[in-house]
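One chain, subunit A, links the two complexes that follow: it is found with subunit B in the first and with subunit C in the second.
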Partner chain A sequence: MQTRTEKIRQAAKRVLAEGKADLVIGFREGTVPLKTAPHFARTEAECDLLVWNSHCRLNLANFLPRRKDRVAVVAKGCDARNIVNHIVEKQIEQEQVYIIGVPCEGMVEPALIAEKEGRTVESASETDGRIILKGKDFTTEVDRAEVLRQNCLTCAHRNPSVHDELVVDPVPELEGVDRYADLKDLLARSDGERYEYYTSLVQTCIRCYACRDACPLCYCHVCFVDETMPQWVGKSVDPADVMTYHILRAFHCAGRCTDCGACEAACPMDIKVRQFTRLLEKDVKELYNYETGLSPTDQPPLTVYRPNDPQEFIK
Partner chain B sequence: MPAFSPRSRLRYKDDVMSDEFEPKIVAFFCNWCTYGGADLAGVSRLQYPPNFRAIRLPCTGRMSPKFILEAFRRGADGVWVSGCHPGDCHFIAGNLYARRKFTLLHNMLLNMGLEPGRLHFSWISSAEATKFQDVAIRVIEAVKAAGPNERFVKHRIEVA
Partner chain C sequence: MSEMILKKSDLADFFKSLAAECQLLGPVEDGGRIKFAPADPGVFLLDFQNTFMSPKNLFFPQSERLLTFTTDSSDEKAFILEDSGDKPAPRAVFGIRPCDAKAFQVLDRIFRNDQYEDPYWFQKREATTLIGLGCNRPCPTCFCTSVNCGPFHEEGLDVLATDLGDQLLLKGLTEKGEALLSKAKGLKKADKKALEAAAGQKTASEEAITVKVPQDQIPGRSVLDLFEAEHWERVHESCLNCGTCTFVCPTCHCFDIQDEVCRCDGDRVRNWDSCMSWLFTMHGSGHNPRPGKKERVRQRFMHKFKYIPIKRDGEIGCVGCGRCINLCPVNIDVRDVVRNMNA
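Then we have the complex of A and B:
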């Protein structure tokens, strides 16, 4: 991780010095432990604040739509796929983006760390796959591999699919993982149990829209939740309104989601919002054999059709 | 016999106000095919139960998941979307784009626990009055079998 931080800083300074971009978007240390914050670096001094660690959970592709300047982005595998998706959806020109690719070994889930270490962590660092937690009167370690996020454990594209440079050598891709094993178990249950499951998932939702704001796909000028004439989504925290919001949010990501997990990372109530998007991601892969953001010449699956698309359910 | 004799009112009660569950179904029909098919079924005197309320669309490509969710949220027991056969779209390919959206939404809602038998899709041309009658009866029977809808419904808040 230390090498990645150093290499990212060097790359960022070089990109700015060579005039390939007006600014570099990356991560800096957060104000609380186990978090990072997005960082916009325009000068050499600002580049020295860039970091890379196991907490770069947000998706920096989120800052690209409608930009007019040239941007370099520090991108892990999923970020790069979302940048490609922005190019596909014509939200930014390919010439405007310089991708500083970071082969990614997964990000960690703070909730899992909290399960292992209940005491308040005041600072954290990491070496050789161990995360060292320091708090008042204690220092302890957890194994990084044991607290990885679920989407990182089953990641299919750890290396950026498209990049202008890589800061370190590519990491081996995971072999033989079933991305949807848990979904298959869920779908084998009765419809009543599945309804219960999804209803209970969003029970604590406070409708803060953090999942929408963290998502690089959500760049509409007027979001459907803000529409008032007509108003399709109720604004209350009534279970039906909350469910409608989550279904529609996920549906808007159909065929576009890279399962980067930024939505879950942003959720203040720790709701597993990916369980909605993954249903669609799985179907898009199985029915239309499409994975988002692998090439800038892709055709998004909902903008095309084939005469023989599956339609068994239509009478 | 006068129009509102006790006898005729009794018959009305027996026929329509029976205790059997009568579902409310929101039906979205494409103007260029199914809506015409329904019209033809009407002038052909083809009988089917009156459980659905038809909403006319310019094309099934106009359908949005918002409409379907809104119908369920407001207490519809079933939703039925019907349009032109693939290849026959008035706008060339509206129904082909719609088909992908329907597939994903249908799978998603079913996976999230909507009972099978609540959400229906069909392709019915304006000449297929008999198919319209047949599908209408099948849709209504399926929704009846599923019973009153309790899922994805916005319930009235209960206050003491």
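Then we have the complex of A and C:
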């Protein structure tokens, strides 16, 4: 992690000095433990604040749509795929973006750390695959591998698919991972049981829309939940309105989602937002053998018609 | 003002006597998060740091029906708004943190002005007796001592409890609080030793909050000066404009009123709203006076640290609970923002 941090800082300074970008978007240390903050570096001193650690959970591609300047982005595998997706969806010009690729070994889930260490953590650091937690009267460690996010454990593209440079050598991709193993049980349930499951997931939703606002795919000028003429969805925490929001948002992400998990990282209520998008991601992979964001020349299957498109699901 | 001692071994009886008078709520764990809820007092927590969400929903629920109506034109009362008839029952809440109580007091001043009083807020406030619990273990993100508040602050509470190990010191602060203490069984007058122990705990907790967020320069600076400060150009860059900070905040109180109709039955509902949303200030004309993230982020901090102090005799619209610091997805830290405002 230390090496990556150093290399990112060097790359950022070089990219700015060579005039390849107006700013570098990366992560800086958070003011609370187990957190980072998106960081916008325009000077050498600001580049020295860039870091790389196990808490770079957000997806920095989110900050690209509608930008007019030239941006260098510190991108892990999923960020890079979402940058490519932005290029494909014409949200940013390829020439505007410089990708500082970071081969990624996964990010950790703070909720899993909290399960292992219930006391209040006041500071955290990491070394050799261990996360060191310090509190008022204690110091303890957790194994990074035991608290990785579920989407990182099943990640298919840890190395940035497209990049202008890589800060370290590529990491081996995970092998023999069934990305959807845990969905088998869910898919075997009846429609009613599945609806019940999804209802239970969003029971604590406060409709802050952090999941939407952290998602690189959600760049609509006006989100359907904010439309007023007509108003499609109610504004209260009525379960039907809450569910409408989550289901419709997920469908808008079909064939576009990289399973980066930014939605879950942002959710203050720890809602398993990915359970909504994963079924659709699985369908697109299985029906069209398509994974989003691997090449800027991609033609996403849900935006083009091909005579041999699968249609068995049309009933 | 009475100061009474309640032995923890008598706590169950104390709660039982309260529950006989009214509904009793307290801090309980629900799915790993702490919240105030009606429950068997046996599960009330005494040692917790803070509730996950602020307890403002006790008086200002996220969605609240205000009025009802019918759209059935054959009904002679069609389209006439009527009181919903939802009246709050008397209740007591145990374990309210002093910062959250201070927030209620701040909101009392906002939901009542020289012309209007919000009945929905005040009916519930009046029907509720608040038994606060001082903070023996402040969180690392607490900064209440910097915002006219503190771990044993009394404003907004009816009774303040101090945990002294095997007993609680209960201090009556209002008529409602005194009435509650006079009816409760098993209390005895606090002796000097207990009072000294409570004072010691208060000092220890205050000293444990080492973070300082000075605001001494803000009152002397003009609104325009603060409004046009350069640091706003950067603070908003990472903001997602989600509603997390406003929804978890104990003093954020903006709302949106909507009519919800199912067949002919209509409800006029008020819902929490958020100044982080572009829709919040969107005019019918299509003009938006806060068109970008910068304007929206600036508004939230200026409201709390400049506009409310100007309009409410120096009262600050923040109580230092630290929830937004812990929960902001991009770690925008109010302490840093205020330091910049004060610089």
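The working rule: the second predicted complex is superposed on the first by the 310 of 315 C-alpha atoms of A that agree within 3 Å, B and C clash if a C-alpha of one lies under 4 Å from a C-alpha of the other, contacts with A are read in each partner's own complex, and residues count from 1 in each chain.
Everything below uses one rule, namely that a residue touches a chain if its C-beta (ideal position, glycine included) is under 8 Å from a C-beta of that chain, and two chains touch if they have at least 3 such contacts.
If you're wondering where the values come from, they're calculated on a predicted model, not measured in any experiment.
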Query: Put the two structures on top of each other at subunit A: do subunit B and subunit C fit, or clash?
result: fit
- request: Please indicate which partner A:Pro268 is in contact with in the superposed arrangement: first for subunit B, second for subunit C, both, or neither.
  value: second
- request: For A:Gly234, decide between first (touching subunit B), second (touching subunit C), both and neither.
  value: both
Message: With both complexes superposed on chain A, which partner does A:Gly30 reach: first (subunit B), second (subunit C), both or neither?
response: second
- request: Look at A:Ala41 in the shared chain and tell me whether it touches subunit B only, subunit C only, both, or neither; answer first, second, both or neither.
  value: neither
Query: For the overlaid structures, how many degrees, to the nearest 10, lie between subunit B and subunit C at the C-alpha centre of subunit A?
result: 90
- prompt: Counting only touches as set out at the top, which of subunit B and subunit C does A:Asp309 meet: first, second, both, neither?
  reply: first
- prompt: After superposition on the shared chain, which partner residues are touched by A:Ala250: those of subunit B (first), subunit C (second), both, or neither?
  reply: first
Message: For A:Glu122 in the superposed arrangement: first (subunit B), second (subunit C), both or neither?
response: second
- line: Across subunit A, the partner (subunit B or subunit C) reaching more residues is B
Task: Quick one: classify A:Val202 as touching subunit B (first), subunit C (second), both or neither.
output: neither
- prompt: Once superposed, minimum distance in angstrom between C-alpha atoms of subunit B and those of subunit C?
  reply: 6
- prompt: Of the residues on subunit A, which ones does subunit B touch that subunit C also touches?
  reply: 234, 238
Task: Spell out the part of subunit A that touches subunit B in their complex, as residue ranges.
output: 187, 191-199, 224, 232-234, 238, 240-241, 243-244, 247-248, 250-251, 254-255, 276, 279-280, 283-284, 287-288, 301-303, 305, 307, 309-311, 313-315
Field: subunit C-touching residues of subunit A, taken from the complex the two chains share
entry: 30-32, 35-40, 58, 62-63, 114, 120, 122, 204, 206-210, 212-214, 226, 228, 234-238, 265-266, 268
Query: For subunit C, which residues are in contact with subunit A within the complex?
result: 31-32, 49, 53, 62-63, 137, 139-141, 234, 237-238, 240-244, 246-248, 256, 258, 260, 269, 271, 274, 277-279, 282, 325-327, 329-333, 335-336
- request: Name, in rising order, each residue of subunit B that touches subunit A in their complex.
  value: 64-67, 69-70, 73, 86-87, 93, 96-97, 99-116, 120-123, 135, 138-139, 151-155, 157
